[in-house]
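Two complexes, one shared chain (chain A), two partners (chain B, chain C).
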Partner chain A sequence: MKKTFLSLLALAAMSTTALAADIKPALVYGTGGKFDKSFNEAAYAGAEAFKKESGTEYRDFEPTSDTQGEQAIRNFASRGFNPVVAVSFAWTSAMEKVAAEYPDTKFVIVDSVVDLKNVRSVVYKEEEGSYLVGLLAGMASKTGKVGFIGGMDIPLIRKFGCGYVQGAKAAKADAQVFQNMVGTTGAAWNDPVRGGELAKNQMDQGADVIYAAAGASGLGVLQTAADNKKMSIGVDSNQNYVHPGSVLTSMVKRVDLAVYNAFKDTKDDKFTAGITALGVKEDGVAYAIDDNNKSLITEDMKKAVEKAKADIIAGTVKVHDYMSDNSCPK
Partner chain B sequence: MEYFDIFVSILGSAIRLSIPLLFTALAGLFSERAGIFDIGLEGKMLVSAFAAACVAYLTANPWLGLLAGIGVSIVFSLVHGFASITNRGNQIVSGVALNFVAAGLTVVLAQAWFGQGGRTPQVPGEGRFAPIILPGADAMRDVPVIGPLYANVISGNNILTYIAFLMVPLSWWVLYRTRFGLRLRAAGENPGAVDTAGISVTWLRYRALIVTGFLAGFAGTYLAIAQSAAFINNMSAGKGYIALAALIFAKWKPVPVMFACLLFGFLDAFANFMQGKSLPWIGEVPVQIFQALPYILTCVLLAGFIGVARPPKAGGVPYTKER
Partner chain C sequence: MTTASVSLPGWISYGVIPLLNLLLALFFSGLVVWWIGEDPFEALKFLVQGALGRGDAIGFTLFYATSFIFTGLSVAVAFHAGLFNIGSEGQAYVGGLGAALVALALDRYVPWYVTMPFAILGAAAFGAAWAFIPAWLQAKRGSHIVITTIMFNFIGAALMVYLLVHVLIVPGKMAPETRTFLPGGQLPKLDWLMALFGLKLGPAPFNVSFLIALVMCFLVWLLIWRTKLGYEMRTLGISPSAAVYAGIPYVRTVIIAMLISGGLAGMMSLNAVMGASARLQVEFVAGAGFVGIAVSLMGRSHPVGIVLAAILFGVLYQGGADLSFEMPNITRDMIVVIQGLVILFAGALEYMLRPALVRLYQPFGRT
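On to the complex of A and B.
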């Protein structure tokens, strides 16, 4: 009985693949959770966009702890899902292991680099996007002091901070930038209370624009800024709508594009492995402007930031990448 | 920035950070003094934060949120009581189990109801406890020393902060000046004697746990709709355990509990401030040192370096009337 059931199941599985001649994409989120209004939600948006366009269903998984990532990726790969996309640097070592075990499956990792023949690594030039919002922060600040609050203290987050500092100094050479990290463990992405308290601390020292690159902890920063009539800058997804009139802008990281392209390229049989670095030029990172923050961005600011964007694309402005030498120019 | 301004800013932050600890530690005080160890404080904080955020979001009324937070927290307390008083189960196991239930249940329910990845939606402004500006705060601001202290530390907190500090003398009064308090402490030291006097140990301990739930409900509510504006998964971030450490550090006495919580809150605020700054002569100090200090202090205390921390004698032992 069990055997017939299994073979039936196998038959069913085969027939669906045969009928659709389609791919079975899978997506593994970071530990922040699918609807974090930020990084993971952007990945979700990309997958949904692909689903809507192609009608292809995908499977996704939300690991709740750092140990579940490898299991989730292996699970998808062993059940024949292809491509398997994992967003978050936290799955780097998991990806290295699993991708080597399944050489015929295509893998994509976002925010990290895995050097294998079947893995596409999508990284972003966060320093460029952060530079742009830093420039806006520097121009919007009345006190000449701005703040940065990162989630977990890792080189990737320092890269955000470093770009931001350079942008703020480009706007005002004597701008002072306070930098804080919420913590050193994964819990740092989910601690809005500490995020808010750090923001308050920076405001007490005079900061009036604060950039949060801290996952869900960032919501605490945005909230505190709104409560104290100061400005904040969102990250990853467009967070301008969270507190209209208080969120100056958002450093949008197009994680959705990475996911969408991974699915689409596999479907069109155009999948390529290797490193893809998306910057301002590729529209991988950008500053967000919409109805919620239109009144906060003056014409001058808009002009300046558009010029900076053009300069970065043209190569006349080079934003230093923290991760290239693990230091930030003072 | 002047040193004094920095001090005032850190002090204000310390108050805000110590309030959830204070409520939770006082909550633990009642149950432990009655002889019930409660590791589940963390879980109670979480469920009450969740309930408060849900109700405050739906009704835009912080008081209803508080009521919901307290209610759910008391229910959790009673479950703990049912397991460890009525069924004489291991109190530690029951408490730990409830912590896991709280961490899982809140996320699952939040996901099912709101679909935002284990979070509740943002609570609107009128659904939160807003800061209260005490009379004369603005006028006092320019008075040296006292002015900034009054305006930035004493004034400008939300109502729950003031309630927390009121709870300290109230707890002292209940524990040391009422018949209920005397019997409660006796149940934690020598339940046999209480029973001999014809008083039900079971009912007494249940009532202690209800008080525990009541106070822990305030802590969770404070986290969700006073300090922040939504429930976020696992937002208590270990505060229940720090509160337990504060309780031990204060040797199970209400007024020292307040000072212990303020000290731990101050260390936390100081750690936040010290990030990335260097101290004269020493250089940059890793913030983890300050964050670990509450635990180190508790260990030092337990090792007997700062007097003796003697827990209630019958703590952790289920009372068996007769075999």
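On to the complex of A and C.
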């Protein structure tokens, strides 16, 4: 009896939300998993924000392999979920196939481009955000040596590194940048111990600010920097709070906005397909300042980084994109 | 009296015992599911339906099973020679390079059935080459094969990422992968085979490499139990000193066994690279090499057992994905727990029930 009552209640609750908004959004994460404190978690945060605001439930799925990712996207589409958002470039080919099979469903892919009429492709200008934090790193460094630790050695991560180097050199022309990657397999996103070891190694060479673009491995970098009274820079989500006073800033990539906007635009019937490239100008990438790192950023640094930001928006400073020619200017 | 020496008829050792082990595993998995607040019977229904309920579900199950058959055979062949090859993962990864190079070179000029034999050779040759150095180190230097093959998995991953990021990548593309093969470099799907049973394959990537896997099962059976080389490998596996005393060349047998093992692992890439995604991707192996170890253990290193175990793991992979899709409470980590329980009961604890069954059976068996 109690159970029937409960299910009736649940049914009532569901039907009211169905009335409030007639969409069934779905979200497919990258293989890194939902709670990586970084990229995927930002997507999750965007979906949660939408749920909180609109009361609309969403479904999500964490694939463990490329085959499963395609299956998940297709499963959502075939069950009438709309829009279907997939974060990570790994789903590019899966989305090409599935989006063509379901032309009436709206799809969004983050970090890659799929050229179809019902797909919105959201890409970020990570090099611009990395340039800004690189500038801050160059100014904050006392030794003139800064470090970069990437996750898996793929073009996307080199794009982060390349922007960072340009920023650091803009601050100090003779700045030295050490670059290391955690690894070559997917495990590289989730190896904080190795991240910490690499950070230690760079510190031994004299680096005193280290930028980690390495998913959960980056947490090891942040930890090691805090333990050794050096500074670090977080990535994707705002990670300033992880070690207040040691994390100089974070290169925030607003994956949450991409997910949130996808859900909201579909709800408001304002969905548009095509490529959206989010840079500094669109607030798609940014450096983070909050109470946790206020004391680390001096007035001069703030002025310089705001000027750089304005210059990028105005187009007077052009940050080279590694992906455009698979190389980085020396 | 010990029960270990009592022999049981085949239908008990190969039929009843694995079935009971599987039921035990399912029982404990059910407990776990119940404990996190979901209905275990409902979960089982989703798992079985998700893996076997529809044509495309069966297609996905068999697609996964195909990869596991190759890697399972790879582990089994080495195991018969007393070598524990943990490197199937890396050998399959590098094997993919062989298959992809053949496909990239030929797909513009010839149809798939011309490409296929070269791709098989390419995949096997690259996989075997990757097994050669650990094999040589084991045979000549006594470096333990478990350690060296594990290390070669990482070296293989580094090599492949380097090649995909620097050499084989399509310029300007985000994902580190080769271009998509034309139909001449793809293995066709087996929709006609499914149609024979009145099933629709749909989008499942079940392809010709399944048939190649079955042929390899037969060839492995032939090799191990019907050839001189197989006999030498088995002797070496049971007792290396006796084998050497009997005049079986240790170095040669170890190296050949590992080359065959690596070649079989390399052929796994036919399924994933040429059958499913039609291009070489980073990390396409996705753990199939390690699953091969479990498959080989469960299948008692016999091709028939390997096929059955591979299908079981295919069911767990495909059904598990469907289960976590239908029941969001059951996360992907829960699926790994369930797979682990199956390996524990059906693989590691395989003899747990044997003494009890022997006691039960003895009164009838003595007549």
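Here, the second predicted complex is superposed on the first by the 305 of 330 C-alpha atoms of A that agree within 3 Å, B and C clash if a C-alpha of one lies under 4 Å from a C-alpha of the other, contacts with A are read in each partner's own complex, and residues count from 1 in each chain.
Following the convention adopted for this analysis, a residue touches a chain if its C-beta (ideal position, glycine included) is under 8 Å from a C-beta of that chain, and two chains touch if they have at least 3 such contacts.
Computed from a predicted structure; not experimentally measured.
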Task: chain A as common anchor, with chain B and chain C clashing or fitting - done: clash
TODO: In the overlay, answer first, second, both or neither for which of chain B and chain C A:74 touches.
DONE: second
Open item on the list: Let me test your reading of the model: by the given contact rule, A:206 touches which partner, first (chain B), second (chain C), both or neither?
Closed with: first
- [ ] In the overlay, answer first, second, both or neither for which of chain B and chain C A:128 touches.
- [x] neither
Task: First, second, both or neither for A:62, with chain B first and chain C second - done: both
TODO: Determine, under the contact definition given at the top, whether A:36 touches first (chain B), second (chain C), both, or neither.
DONE: first
Open item on the list: Going by the contact rule set out at the top, does A:196 touch chain B (first), chain C (second), both, or neither?
Closed with: first
Open item on the list: By the touch definition at the top of the document, which applies to A:184: first (chain B), second (chain C), both, or neither?
Closed with: both
- [ ] Using the touch definition from the top, say if A:219 reaches chain B (first), chain C (second), both or neither.
- [x] first
TODO: State which residues of chain A lie in both footprints, the one left by chain B and the one left by chain C.
DONE: 33, 62, 64, 184
- [ ] Using the touch rule from the top, collect the residues of chain C that touch chain A in their complex.
- [x] 60, 63-64, 154, 157-158, 160-162, 165, 169, 171-172, 174-176, 180, 203, 205, 276-277, 279, 281-284, 286-287, 321, 324-325, 328, 331-332
- [ ] Would you mind writing out the residues of chain A in touch with chain B in their complex?
- [x] 32-37, 40-41, 62, 64, 179-181, 184, 187, 190-194, 196-198, 200-201, 204-206, 216, 219-220, 223, 242
Task: Complex contacts: residues of chain B adjacent to chain A - done: 1, 5, 9, 12-13, 16-17, 107, 115-119, 122, 223, 227-230, 232-235, 237, 269, 272-273, 275-276, 288
Task: chain C contact footprint on chain A (complex, rising order) - done: 33, 59-68, 70-72, 74-75, 89-90, 92-93, 97, 101, 111-113, 123, 152-156, 183-186, 323-326
